[in-house]
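Quick heads-up: structures coming right below.
Next come two complexes built around subunit A: one with subunit B, the other with subunit C.
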Partner chain A sequence: MGFDPKNPLKDRITDIGPRDYKEFLPPVIKENWGKWLYHEILEPGVLMHVSETGAKVYTVRVGGSRLMSVTHIREICDIADKHCGGKLRFTTRNNIEFMVDDESKLKPLMKDLEKREFAGGSKKFPRGGTGSGLTNIVHTQGWIHCHTPAIDASGIVKAVMDELYDEFQNMRFPAHVRISLACCLNMCGAVHCSDIAILGVHRKPPIIDHENLPNMCEIPMTIAACPTGAIRPATVDGKKSVTVNKERCMFCGNCYTMCPSMPLADEEGSGVALLVGGKISNRITQPKFSKLVVPFLPNEPPRWPQTVDAIKKILYAYVEDAKKYERLGDWAERIGWERFFEKTGLPFTDHLIDDYRFAYTTWRTSTQFKF
Partner chain B sequence: MDLQAPRESIDDLLGLLELTYQDKVVHWKHGGIVGVFGYGGGVIGRYCDQPDQFPGVRDFHTLRVNQPGNKFYSTEYLRQLCDLWERRGSGITNMHGSTGDIILLGTTTPQLEEIFYELTHNLHQDLGGSGSNLRTPSDCLGMARCEYACYDTTALCYNLTMEYQDELHRPAFPYKFKFKFDGCPNGCVASIARADMSIIGTWRDDIRIDQAAVKAYVGGEFKPNGGAHSGRDWGTFDIQKEVIDLCPTHCMSWNGKKLVIDNKECNRCMHCINVMPRALRIGLDRGASILFGAKAPILEGAQMSTLTIPFVKVEEPYDEIKAIIEKVWDYWAEEGRNRERLGELMQRQGFQKFLEVLGLKPDPRMIREPRSNPYVFWKEEDVPGGWERDIQEFRKKHKK
Partner chain C sequence: MPTINLAGKTYEVDEDGFLQELDKWSEDFASAYAKEEGIDGALTDEHWKVINYLRDYYAKFGIAPMIRKLCKETGFDLKKIYELFPSGPAKGACKLAGLAKPTGCV
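Showing the complex of A and B:
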């Protein structure tokens, strides 16, 4: 028997958590848990891990899209059933990994993946995303399903990755490059430590729906949500509402999160900002935040040409100039930000000088600079 | 198939997206309060603002399903999930959402309880977190297939997820709280940037060296960095330039025959191990560093986690780690303001307060550098004689 709406608590099961991961492990993974000795990238998208026991696991990494239909997932299952004993995994960056425990099973798997194409001729399962190259762009929901985005997510990611597809399948960068996209400042995708971050921003203060605000919003909470204290209580046409001191608005959208009657998104006001040079890893240098280098580019569906162009400028200036193992941010710091703007050809504008809290810590307090 | 969700939902979803591409402003409304009985999270309400034109996505709610550890799957499970979601939802998913959950994207209100019933009864699978509760914990690949894993990230992630089911499903916190588990300082799951509590594997003894393998790297037998740079000709491998000189603490030397590491001075950045994985291995006295307070920019700017516990052993049943978690939650529940992340509370009340809460002694490992201002908030008990003084006594020696 299934769910009974008349008796919703009958046989109710709660708090059982996720399935135990041990049920889903390929035998070679289970048997060599914690025993791995080393790994090698045999070619872009193909990894070999060698265990203390002598066992080897071969992994083929292919690009996934975060947004997937059940039809696509079923095809992934067909492949895993045919080649991988019915097991597979996904990576943190939305790639799919197919694993086999013997080299002889590798070529047939790779061939099978390669021949699968979408109706338009593009690869369903492009191999790559390993080593010193470009892996998948992690991103947020965007226009397909979120209520606060300033930009689309999947559309921009597709436009950027189409241009950089070769880099997904190659390993010719000085170090790996992580591009991430968050479609608003809430950053459910936490892109603030990425080599290149694509961020959706607004530039127009909220429109206030005075008619509906008193019914839809908690006024004190809405006022408290503003980090600059720009929102004040007001009475408009005899109804309790709020006003916004537009000069003090920093377009963060936190008021809209609390109050649906204060939408910010706008055809001309909202668009893309680019931040660069962040990293997560502790390798050589410490983790660091990405820095704003392009304050605004317009929303240009369906292909966002200006955004794609700016990203390519940044990426290839780095690729040509950086030393081996140097991450994008380490390169920018070594050559100096004045050189970064020179080499990338990006304009430096007053928007890029910090004027929020602790801004002074980012101003130059030395005479060490380059002409 | 006996479809329970509107047949036209995908056509309407594409239609709505097409309209958004023309208008350049999203057509989804603020979420409504929907959910499954007894839970305060796991379902995000979503309604479209053009329901007459696109009735198939009038209500189009999201479910977050707690992903299994490391995102390993059996095809049997995935197929069951696909069947359920095709019948009772849009058939569109995210594999996976940013926090790690399987996201089921779009269904109607009456389907929510039905889906939850089938998930729990047939798939033995629970929902993930949303709102002001513990968000679905996530882990790096760890011991499953990585030689750098300093502790079993998957086991700890699963254990804590099961331990804190109540916190995950029933919002009782000031705001969201995220755990993430990285097995080493490479940080593949990005815990240091996006988890309120980042548990990052480390070791405190010596890097194990296989001198013969070092020579094999120098001699070009082994590809440096596991072959990660093979797409470009970077010249022959130069251990001095590529490893010794890039070591951030300059604690390594190579005399042409032997690699020496002054392990006491190593800060475990992983670079040398990443470059020569067949020659250098993480130490054997392993555990984790615990850092607190990362978050995205809303509100007062992004924060990374701050090193608070330099080293802790990570061993079942993880009582020491659980005691730490519960102290932090008690403090945050008591002192945190509405929608204040832990990192913001730590800034507002000071790191000293946070150490006091955890019963920890200050340690120079916790800071980047000592403060450069002299504005110490001394406490009365720090100063001999206390703070109460008599002006008359003062005036006996010091005239007006």
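Showing the complex of A and C:
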């Protein structure tokens, strides 16, 4: 039955949830479910899992741009039909994995994936993203779709991955490096817990549209949205509105999320901040939050050269200096953050010193430091 | 800005159909708008109970009430609210009650 707008509740199906994942498993996965003995990374982007029954499954991981057309999905389906019995999966970092159950099927699949390119020359399905290398960048909407971003997402991700493309196809880092991006400090995704995080920040307070604010915003919600208590109710030209204490505003943009009459994005004011040293695994050390190391870099579409440059500086200082298995945050903590800034060549400024509420614990209460 | 014609009057609304000049709200607005929101026939007393509660709360506190508050005060559970307003308490009831559009990560 087609949807009838005159009777929207007729034939309505609801609350059926997602499809059961078992419906889509390749036969070899289904048969060996819960029986895997060990796995090997045969080469960058290729994994082999061996079951206690002796069955093997070969996985080829290829990069995905995350934002993709139906045409592209259909091409992915064509590849899966041709080589993998119509089955495939996406990873939690939006890579694509094709699985085959026999080594003889592996080479043709890899060859097929390799030769596919977009008209502009970009690889459609670059193989990689395994082991101690670089994998996909978890990112957000940016200027494609969101209304609160300070930076773009897809554009910066493409610029960074182009520059670090070799690392996606290799495994020569001390440990795996997770880069992620969020276009405002809502931090949708993983920036607060990534080895290197790209974050959109503002540097100017919101501009208040007093004319429309009373009709578009719930004033108490707007006031409560401010983490520093900078917003107060006010009467402007006889209308209820708010004022912002600019001295207290740190440009988080929370008020704009709650109130459309307080926009703050600005061509010069908004840009990129870089955070490093986060992780979520419990391997050796506990999970960590990433820490701010570059307070601001300007928006430079379409290639963001300064941002890309700073990321490369941080990444290769780490790769050169860290011990095996050491994540970026583990390395920085072992050598001390003053050495981190020395080795990466990044300037340390007062912006990096925490001053939010109980910031005291982040200061040094010790004489232990290196000159 | 788009406008909507309801019962012979023109109202300014945003692209989601939320009233832009909150003081223009009238009972006629709600009654005429109900059809657009998938409500069959005229608004019942139960509909009005929800709408009036939303308007009173907004007038008093300047915000829309939390869902739990709405359910507790009207005595309707969320399921009942959805039966009354198929598009839900925010997109349905608040829109008819002439409240500001819900914001945040909705």
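Quick note on the criterion: the second predicted complex is superposed on the first by the 370 of 371 C-alpha atoms of A that agree within 3 Å, B and C clash if a C-alpha of one lies under 4 Å from a C-alpha of the other, contacts with A are read in each partner's own complex, and residues count from 1 in each chain.
Please note the rule applied: a residue touches a chain if its C-beta (ideal position, glycine included) is under 8 Å from a C-beta of that chain, and two chains touch if they have at least 3 such contacts.
Computed from a prediction, not measured in an experiment: that's the story for all the values here.
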item: Partner chain(s) touched by A:80 [first = subunit B, second = subunit C, both, neither]; value: first
item: Which of subunit B and subunit C A:215 touches, first, second, both or neither; value: second
item: Which of subunit B and subunit C A:153 touches, first, second, both or neither; value: neither
item: Subunit C versus subunit B, contacts on subunit A by residue; value: B
item: First, second, both or neither for A:9, with subunit B first and subunit C second; value: both
item: Subunit B versus subunit C as contact partner of A:186, first or second or both or neither; value: both
item: First (subunit B), second (subunit C), both or neither touched by A:260; value: both
item: Subunit B and subunit C footprints on subunit A, overlapping residues; value: 8-9, 186, 221, 257, 260
item: Residue ranges of subunit C in contact with subunit A within the complex; value: 20-22, 38, 61-64, 86, 100-101, 103-105
item: List of subunit A residues in touch with subunit B within their complex; value: 2-3, 5, 8-9, 11-21, 23-26, 29, 33-34, 36-44, 49, 57, 59, 64, 66-71, 73-74, 76-77, 80-81, 86-92, 94, 99, 130-133, 138, 140-141, 143-149, 152, 155, 170-172, 176, 182, 185-190, 192-193, 221, 224-225, 227, 252, 254, 257, 260, 265-267, 270, 278, 280-285, 287, 289, 299, 301-302, 324-325, 356-358
item: For the subunit A and subunit C complex, residues of the former touching the latter; value: 8-9, 186, 212, 214-221, 240, 257-260
item: In the complex, subunit B residues that touch subunit A; value: 13, 17, 20-21, 23-31, 37-39, 46, 60, 62, 66-79, 81-82, 85-86, 91-100, 105-106, 110, 113-114, 116-118, 120-121, 123-126, 138, 140-141, 143-147, 149, 152, 154, 158, 161-162, 165-166, 169, 185-190, 192-194, 223, 225-232, 234, 242, 246, 248, 267-271, 274-275, 277-278, 281, 296-302, 304, 338-339
